[in-house]
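Should a chain be cited, it is by its letter among A, B, C and D, assigned in written order, with residues numbered from 1 in that chain.
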Amino acid sequence: MKKILIINTGGTFNKIYDPIKGDLMVDKGSNALEQLSEKWLCDLKILNIIGKDSLDMSNHDRLELLATISHSSYEYIIIIHGTDTMDITAEYLSDGDCQKCIVFTGAMVPYSIDPVEATANLCSAYGYINALKKSGIYIAMNGVMDVYEKVRKDRKLGKFISV
Amino acid sequence: MKKILIINTGGTFNKIYDPIKGDLMVDKGSNALEQLSEKWLCDLKILNIIGKDSLDMSNHDRLELLATISHSSYEYIIIIHGTDTMDITAEYLSDGDCQKCIVFTGAMVPYSIDPVEATANLCSAYGYINALKKSGIYIAMNGVMDVYEKVRKDRKLGKFISV
Amino acid sequence: MKKILIINTGGTFNKIYDPIKGDLMVDKGSNALEQLSEKWLCDLKILNIIGKDSLDMSNHDRLELLATISHSSYEYIIIIHGTDTMDITAEYLSDGDCQKCIVFTGAMVPYSIDPVEATANLCSAYGYINALKKSGIYIAMNGVMDVYEKVRKDRKLGKFISV
Amino acid sequence: MKKILIINTGGTFNKIYDPIKGDLMVDKGSNALEQLSEKWLCDLKILNIIGKDSLDMSNHDRLELLATISHSSYEYIIIIHGTDTMDITAEYLSDGDCQKCIVFTGAMVPYSIDPVEATANLCSAYGYINALKKSGIYIAMNGVMDVYEKVRKDRKLGKFISV
């Protein structure tokens, strides 16, 4: 078994309902992942940074992410990221040329609203990275998993597809 | 992307509550998998056979499973199986020498009671098989995934562990 | 047993997550109530009107609600309403002097996100109206139930309290 | 608002899934009620006794229940009870002639498997008892609520009906 790090950067995966505001917000912690880890009966190694909606993600944030990956002792890293700019961050890391095996994932529906799609995406990424042999930047979403250039969000269908 | 078949043989994964009897029973259909498929926004190819609790699985059932695999056009197959005799059926298929890539999975908690662990197991198997290069018989449960001889159910802990 | 009508006017009770927009919206139908009715094993008589967020409710909408109540053959009516202007609509109906037994309810958390509070509110209103003897305008929320003047939303606590 | 005591005696309402045994068992605590109380944003006063399946309830248990009710300072009491012998215990308390207002409730589906029906039953009982004027023994289940002689479990339909 490989040692895998999950870097949680925020996005829909982590959104929770705030009854006072009557709106959804990104949980700055990793409550969704911790609950998933407990229910899966599997200790996940989680690192929590940035904590933003995909559309608020800046290049400053991307630099922080790249630095975190480069300084980490882990070779196999899953990144939970908002879906709208997942491709931009993947491209950014690809340019960074970090020689690690990185799988992006996230969710169309917050774990706290319905845990199935978020759990399915994260755990497919977890299974995928366990069998991957080559370094590179990958995306695993909605049952589609490949190098990041071959997976993109279809905004009309509301899911990720293979291209 | 590989073409993957999911053969659903029953087990805890598929148990549902019967309010009239006040007890759990194995759903003979694949309602749990179909719901998972819909929520994951991913068409899963499902084949439903046997529909039994793990402890009721006979060698006749195992022969049916082996025949189904051998006659299938799919090279990559996930088998949903009860947890108590998953190792026995894995051994049986190994003796059958079918030269395909097979990943067993299942659940400690029925999908209908709490979908997280069942979804996590199935989808980690789905990600794992997508990146596997060699034929063989594997198990993916509770975040542990390897050739079947190296993964077993720990009855005391109530989860699968690496051995 | 009394014959009870549930008039669904919208509000948080009925909000659902739209994965394409990544936001919550008021379901124009009564899917939440219909699901509740099915799971409770109890045929609820539901009438769907207005379908708005509490803050978008106009006096034109309130007139429609009053007319609907006046023309209805039901003497016992539960109104599902957004929480922010529940008191205004209750006051409006009180001025309308309709001589029926009316209980307002709603939810702080959408049924589709977590069904417990919405179900608890609606069903406490259902039990309450079944034993009420006098016509009047009542509110039943978060375990507090009384004539509408004595129950109000505490915006800081994020729940309804007795005053 | 009346002061209401909830006496939890066990039954399906409180059943939880034990992943080690692969079976359902009655939770000896009141986790379901405590979770409901927290989500409803309403402090419920809970007393936990007996903790048995309906079919295991003995006359010794019923005597304990009657004594608990008689010695309690509460005049309004909800009893959570297994559905199969709810009528027998109601009759028993009726013979005990305790001059309090008592509403029995319970669930066909455990709160832990799907919280909606259990929540709906408990909260309809809560609303009902709040408006009841006369002492007596009542049942509130599946939207039906009346004196206990007029509500019974229909084993074929798998729900409580009015008779």
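The working rule: a contact is a pair of C-beta atoms (placed from the backbone, for glycine too) under 8 Å apart; a residue touches a chain by one contact, two chains touch by 3 or more.
Computed from a predicted structure; not experimentally measured.
Path length between chain B and chain D in the touching-chain graph (shortest route): 1. With chains reduced to the mean position of their C-alpha atoms, the one farthest from chain B is C.
In terms of their C-alpha centroids, the spacing between chain C and chain D amounts to 26 Å. Computed centre separation for the pair chain B/chain C is 45 angstrom, with centres defined by C-alpha atoms. Centroid to centroid, with C-alpha atoms defining each point, chain A and chain C lie 39 Å apart. The residues of chain B that reach two or more other chains are 108-109, 114, 158, listed in rising order. All chain pairs that touch, listed by label, are A-B, A-C, B-D, C-D. Of all residues in chain C, only 1, 35-36, 39-44, 108-109, 114-117, 119-133, 140, 142-146, 157-159, 162 touch chain D in the complex they form. Taken together, the chain A residues at the contact with chain C in this complex read 12, 17, 19-20, 22-24, 108-110, 112-114, 155-156, 158.
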